[in-house]
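In the two complexes below, subunit A is the common chain; its partner is subunit B in one and subunit C in the other.
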Partner chain A sequence: MENVLEIKNLNYKKNQRTILSEINLSLKPGKIIALLGENGAGKTTLMRVIAGVAKNYRGLVNVSGEAKDFKRKAHLSFTESLNGFSGSLKIDQVINLYEHLYDDFDREQFEQLFKFMRLSKNQRLSQLSKGMREKLVIALTFSRKVDLYLLDEPFSGIDSMARKQIINSLIRWKDEKATVLISDHFVNEITAILDEVVVIKNKTILTHQSAEAIREKNESIEDFYESLYQMEEE
Partner chain B sequence: MFGRFFTVTLNGKVKRINLIVFWQIISTILLTFFTFFDLVHLRVNDRSVSPFLGGLEIFFSTAIVLCFLLYIMTCIDTERINSNESYRLIPLSDIKYYLGNLLSSVTSFLYFIVIEIICFVIFAGATYTLDQKFQSDVNTFFNRFDSPGFFGAPKDVRAVAWIAVNLIIFLILLAFLIYFFISFLNLSSRAIIDFLPGFPSKTFLTISRLFIIVLLCWIFSKIANFVGEFYQTPLDLFLTGLQGESLNLLALSNLGMLVFTLLFLAINLVLFTNFFEPNEKR
Partner chain C sequence: MEFKDNVPIYLQIKQYLYRQIIIGKLKPGEKIPSVRELAVKLTVNVNTVQRALQQMNAEGILYTKRGEGNFVTEDTTLLEQTKQNLINEELGKFVQSMNALGVADEQISSLLSEYLK
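== the complex of A and B ==
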């Protein structure tokens, strides 16, 4: 089966600082993968490179066999913070924009997700709390029918109820063949739903393992992740 | 996808224009109304005018000012959309994105001009109907055209038409060239900033970017001076008086402007495609 994501020898520099170095990564379809790493490890940059918005990188990035930036964008859905839209826009207008801009936007699925997240369409973007905004972003992201979903720290700064709703929506609405890459620096939130774990450290990928293999060693994913950092400190 | 992106960005820009024109019309009507009931006394160019003519003159003056302001706002808005991550994620090539954004800006600006002309014609028609003095002044003005020999020799008419066409082309090219230069400053300064070593603070970064922009402007002023020795802009020709040979040079000069405009567009497309990342707002 063709890999949904294929990264070979990816290097990315900005302000004369290496942010990503010799990244090699392959992801199979239908998996939920955690991209773990401490703050500033390069998780968001890696996602931006995959999403085709970070420029001037070296190496090969393929999503569903497409290497060109704009072609990759058609096969992936990236949790974008919606900061590019005016705060005065009503949620309804944002939904219409998404529906208009993306061929693969499934309105029906969005309505279900929206109901599940208990959001209200009459509110303006600027009126949303951080948790509600994050839920809206997830609902919009998952309403597109694509091969790869990139969720960049979807649980940061939101309460446990909202986190549970997001995780449940992931389980319920993820297409069987679609791959989800979730970046985070907290592990315990998502361990139960993970198929694979990718740890990014020192600007490169430190390890890429299946969650099952980690669990077979009688180790929790949280302990496994923490042990990688403790080893370095020792 | 190009069409959809164009429509979405155009809708946003047109919405703002509608709001601007709405307030312009409301303020003109209110001013005319207050003048009519002697609540306000309008004086234009140090002379008293009738409420309707005063309203018309106010509308015309604000149209000129708004045209200039809207041009600047459109330039800024276009650059803002260029760095908008929400839009940059749509599956559209960078070249099409830049051109789509540009095209929607041009269309919105043309829309503004058309709306202003229509509103002016309506206001002028109302003034013509309701203001007897204005009506007679307009009739006198147009009667002059009926007098034999008013237009002069056909050769002169052709010369005036030639100048008018070239003037319009020059103004359009100038509007594009100024925007492309603003865009170039934005794109190139960001590309240079991204290449330079990291900055300790946002203030330092802003100052550095401003310094780069000033430096680029200085370099381009030197280049412009050098090019100016070989090339006369249409503006130079207009200022030196248009006679004989310089009339023929107008088209050539506009062609030169077109080349510079396309050159800036090409540079901007290269910068935008290869170096310009959208803003990362979290």
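== the complex of A and C ==
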């Protein structure tokens, strides 16, 4: 089957500083994959490049066979923490904007997700707690019908209840063929739902493995990840 | 349900289902929950559940009816054998931890019958 994501020899610089170096990565359809790395390792930048938000990179980035930035966008869903939206907007207005912006926005699925997350539409963005905001981001992101979903640290700074709701909605609503890439610097909260693990370190991809293959060696994903980061510090 | 971090999840899902079958929560001939229902209930990946069910199908403990889902076998010999396997596994673990405490194999049965009195 064709890969959902194909990255070859990706290099990215910002203000003459290298942020990503020689990235190669292929993701298959229907997988849940963790993108692990410390803060500053380049996780968010990699997502922004894939999503076509960060431009002027060198190398090939292909999503569902499309290499051009604007064409890729139709095949992936990435909500950058609703950064572009004014805090005074009501949730209702954000939903309408999304429906307007994206042809593939599935209103029915959104309503189900929204209800599941126990959100309410009258609130303004600025009134939302970190957890509620993240849940809204997930509901909006998952309401588009695409091949690739990019979630940038959805679990940072939220309580365990919100975390469980997000994880459950992922299992419940992810389409069989869709692939989800979740970045995190902390792994143990999502290990049971992962198919694969990608570790990013020193601006490049250190390893890409199946989660069950790691466990076959009687190693937890957490230990595996930590051992990769400790190697150099010792 | 809590899973161990350092053991493949598909093996733990199989263990969970074997137990459900042995204790009669899932009866012979009964339809088991769908792949997605199981994934949600156990908070695991759908593909991992799929892998566990495929193996259990190959073992014969489950069988698939096209378009209907997975069912528990009605083969009583196989069910009995599955139960025996689980018992042996638990006994193995018990003996291992006794050995680790310095109890020799020969002492185990007398200690056990003393304890059960």
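In the analysis below, the second predicted complex is superposed on the first by the 234 of 234 C-alpha atoms of A that agree within 3 Å, B and C clash if a C-alpha of one lies under 4 Å from a C-alpha of the other, contacts with A are read in each partner's own complex, and residues count from 1 in each chain.
By our rule, contacts are C-beta pairs under 8 Å (C-beta built on N, C-alpha and C of every residue); 3 or more make two chains touch, one makes a residue touch a chain.
The structure presented is a predicted model; accordingly, all values stated were derived computationally and were not measured.
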item	value
Fit or clash - subunit C, subunit B, common subunit A	fit
Three-chain overlay, vertex subunit A: subunit B-subunit C angle, C-alpha, nearest 10 degrees	160
Which of subunit B and subunit C A:D223 touches, first, second, both or neither	second
First (subunit B), second (subunit C), both or neither touched by A:L101	first
Closest approach of subunit C to subunit B (Cα atoms, Å)	29
Overlap of the subunit B and subunit C footprints on subunit A, listed as residue numbers	none
List of subunit A residues in touch with subunit B within their complex	14-17, 44, 48, 51-56, 68-71, 73-74, 78, 80-85, 97, 100-103
Of subunit B, residues touching subunit A in the complex	1, 4-5, 7-8, 84-94, 193-199, 274-282
Subunit A - residues contacting subunit C, complex	30-32, 164, 167-168, 171-172, 174, 176, 188, 191-195, 211-212, 215-216, 218-223
In the complex with subunit A, residue positions of subunit C that touch it	3, 5-10, 36, 39-40, 42-48, 51
